[in-house]
Amino acid sequence: MTEYPTALGASSLDKITLLGQDLARDVMGNVSFGELAFWLATQRRPSPGETRVFEAVLAALADHGFTPTAIVTRLTYLSAPDSVQGALAAGLLGGGSRFLGVTEDCGRFLHEVLSTVEDPEDEAGWDALALETVKARREAGKLIPGLGHHVHKQGDPRTPRLFEIAREEDLFGPHLSLFAAIGRVHPQVLGRTLPLNGAGVCGAALADLGLPLELLRGFALLARTAGLIGQLAEELRNPVANEIFLSVDLNNRSVPPEPSGG
Amino acid sequence: MTEYPTALGASSLDKITLLGQDLARDVMGNVSFGELAFWLATQRRPSPGETRVFEAVLAALADHGFTPTAIVTRLTYLSAPDSVQGALAAGLLGGGSRFLGVTEDCGRFLHEVLSTVEDPEDEAGWDALALETVKARREAGKLIPGLGHHVHKQGDPRTPRLFEIAREEDLFGPHLSLFAAIGRVHPQVLGRTLPLNGAGVCGAALADLGLPLELLRGFALLARTAGLIGQLAEELRNPVANEIFLSVDLNNRSVPPEPSGG
Amino acid sequence: MTEYPTALGASSLDKITLLGQDLARDVMGNVSFGELAFWLATQRRPSPGETRVFEAVLAALADHGFTPTAIVTRLTYLSAPDSVQGALAAGLLGGGSRFLGVTEDCGRFLHEVLSTVEDPEDEAGWDALALETVKARREAGKLIPGLGHHVHKQGDPRTPRLFEIAREEDLFGPHLSLFAAIGRVHPQVLGRTLPLNGAGVCGAALADLGLPLELLRGFALLARTAGLIGQLAEELRNPVANEIFLSVDLNNRSVPPEPSGG
Amino acid sequence: MTEYPTALGASSLDKITLLGQDLARDVMGNVSFGELAFWLATQRRPSPGETRVFEAVLAALADHGFTPTAIVTRLTYLSAPDSVQGALAAGLLGGGSRFLGVTEDCGRFLHEVLSTVEDPEDEAGWDALALETVKARREAGKLIPGLGHHVHKQGDPRTPRLFEIAREEDLFGPHLSLFAAIGRVHPQVLGRTLPLNGAGVCGAALADLGLPLELLRGFALLARTAGLIGQLAEELRNPVANEIFLSVDLNNRSVPPEPSGG
């Protein structure tokens, strides 16, 4: 008979374990939710400093107002109020390459660069590596994930703050170092100064925390789940979804079909 | 032009606010993720005690091993590894009436009872109300949400622990009081002793915290999102989804169609 | 070893069966998609007349322009263009109680009434049953599913057309008969004339076809899947999702949090 | 005021149009569901032959038994029976790169090759192009989408059947021609004979029909929606989801956490 091993939840008649701990005695009341989420993802308990950086990232990504994902959750709840799970799931499905993807793309990109070299020893070394990286990327005609922002053109306030928190906790590792260096040197190559954006710095910080790169998008989605619950709570008190729907539907203009060029 | 008011995220050229706070300066690094999730849902900052009870609930609900939702997330990731958001969303869609619904059902049920009476003043008063409630429910041929568990037949260890934490934080309110009283008196009516289950006590505690009843299921889903990321992380290290799939597919038995009785 | 019986797809080295048929030889090229969908749901092959009624229902429900589900699918695709499955799934999640639910509610409601009585023998009999039904419903303070429409106040053009098609195919059964009678008699009770809406008549027709009542919503979702693909195809040629997003986001008005009344 | 143009559904007081047609009069009862799905996606009405090829593709992809998507839909319904839309959406979310992706990958791949050359004039010409294509692909270390099958090692029965239907309808276009030629010549390059699989030939046929390449996966999902409704209908009559769940849960083996190598 096949067996399915797991270190996550398990229960017997009188006990529930989670990650090898006694859930009721050792986890409930003792482990914060951010700490637990980290622990579940890595199967090792984070230090208080790691938890603080991790939770700062989650805060940075939790809600950005009327994003497509927030609108989608509100419209889905309007349409199917019987299913809160459907409204949240629909919102999360917008967490793909374009809106939440930067976090993951940036973490993976930095990791890839770092996997090919020894970590530099000082800021000059990081700058040299960053310069080489930005040049190579430009020559390949590719953008740098995490560089640029359509609103915060003169700097995303989350970036220096996350740098600061990581430094306070002694968790300013190679991914953040390389990302910061890219921020310093890219004008030499690109000829203009772009902000290091918040989604990108979050990816760098998550990678420095040793979280699985394949799931960096997952942490953005965890943060966003809390944000989407906030959106639904606000929708319940002060509904706008129906007006959003009507603002589109009442302004539709029926046009004749134009066959696609098949 | 219609305007859409929101107290959640908003941003300008150099500032991002969330819940009226400066996100970078006041939230990141200062507000834990559990605290933030509570704040987003209620638009008021919880006390440390409220946060501790809330996070104990999230811990209690985060992961229960190979539940249908966990299996669904792993199978969806097997099938569509390009979309972490799809795998998480698919898992959350199992958070409906049967598996995660007890939390919400229990909170709503207790709230309904409480909305019709003054809160009793002492344990005897709670017991009297509970007795009346259980009798009425039994006469109506309905179950009590939160009573009974298919595994923890002699008591769900999460229940006394959450009672304890709520008492430590002085947050043992009317919903928990009524739930506890139901635990004491139901054997008089039902003729046997059933455990107060963990999902139910979580609903009672969330209702005592003043979280929106319509979204109690949402908090179970938030907790579960962290659990499902844990499931995906474990699947990446130690994959079992393909074996689960094959254990079903290889044991399929093709049978002739049997028309439904339309 | 547990076995999982199924009459749906199965395959061996050189053959694929579906519903007991040879898929390649007997189904592909011979069975239309509507016919196949019916067959899959009932495990019996529909007659050409049944297929025609079924497909008329699917046509009636496929697309209604910029509904919340259509907007959701377009916004999700904007946000996560890497995942067509996510965009379609997000749209379908709006197919709940409010927008697509009428079809199922109406079919179930009619079925419930019919399960308590013998089918009347003539129009007068149907009218009497309908009168009793509408009265009972009104006394219970409940609406009649399928009665009323916010746009087509003087009649939903789909309703007489589906009646006509069902009559042409000799498939005007008890659910449609009762629904039509409700249309004739309700003004006597309600004091005003409401239209029998298209979603409702579709539920009546699906119930007359003997399709499983628990899945009536499923057929609306099947129809809508085709519609949502149409929405995505149009979005690819003539994108509007970004404008919809901006029309909301640019008109957001940041307001201070107002604590919920926990 | 922004306007949102659409050629899909629109309605006024007494009329509903779809694709420029009168929905009730011209579409319902006259247009089959497969035909309508094609029309919605392309905004041009397909010929009967195009509809037949399209519906053959949908039949080929509708259901393959206990695939991960089918298991996911059944488990989600077990867990949340209140939400048919959630069960279907969860199943569709498995329609990603691995299981349903071949259809889209193959259509896109063939299209890419064809976009760089003139269509050959005869079978010898197609074989030459195919040979070049297979060689180039092999040199790049890449697989040919649509080539190979883990069960139908000596030939997927859907492939010759779809070739036949396309020829009967005079719709054997360049994508199918190149795909067929790849089937003939690849052994010269790869040194062994692999089957042209059904998912691949469907992608070739859809591309020849002029359907949008970005949405080829969407048509597989449409087909699968019908299949998943069939799975749910069977689950209602003959439930297996709980047994599948228990077969995993009861065979879980609790192991100690092993920290990921962060």
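By written order: A, B, C and D. Residues from 1 in each chain.
Note that contacts are C-beta pairs under 8 Å (C-beta built on N, C-alpha and C of every residue); 3 or more make two chains touch, one makes a residue touch a chain.
Only a predicted model underlies this, so the values are computations on that prediction, with no experimental measurement involved.
Shared contact partners of chain A and chain C comprise B, D. Comparing mean CA positions across the assembly, the chain most remote from chain B is D. When the C-beta contacts at B-D and at C-D are tallied, the pair with the greater total is C-D. With each centre defined as the average position of its C-alpha atoms, the distance from chain A to chain D rounds to 32 Å. Centroid to centroid, with C-alpha atoms defining each point, chain B and chain D lie 37 Å apart. With centres defined as mean CA coordinates, chain D is found 24 Å away from chain C.
Those residues of chain D in touch with two or more other chains are numbered 2, 4-7, 10, 41-43, 65-66, 80, 82-83, 85-86, 89-90, 93-96, 212, 233, 244, 247-248, 252, 258, 260. Contact residues on chain B toward chain C in their complex (touch as defined above): 1-7, 10, 17, 19-20, 41-44, 80, 82-83, 85-86, 89, 93, 209-212, 248, 251-262. Chain D makes touch with chain B in their complex at residues 65-69, 71-72, 75-76, 78-83, 86-87, 89-90, 93-99, 101, 233, 237, 241, 244-245, 247-249, 252, 258, 260.
Residues 2, 4-16, 18, 22-25, 27-29, 31-34, 36-37, 40-43, 52, 54-56, 58-60, 62-66, 70, 83-86, 88-90, 92-96, 100, 151-158, 160-162, 164-165, 168, 198, 212, 214-215, 217-219, 221-223, 225-227, 229-234, 236, 238, 240, 243-244, 247 of chain B touch chain A in their complex.
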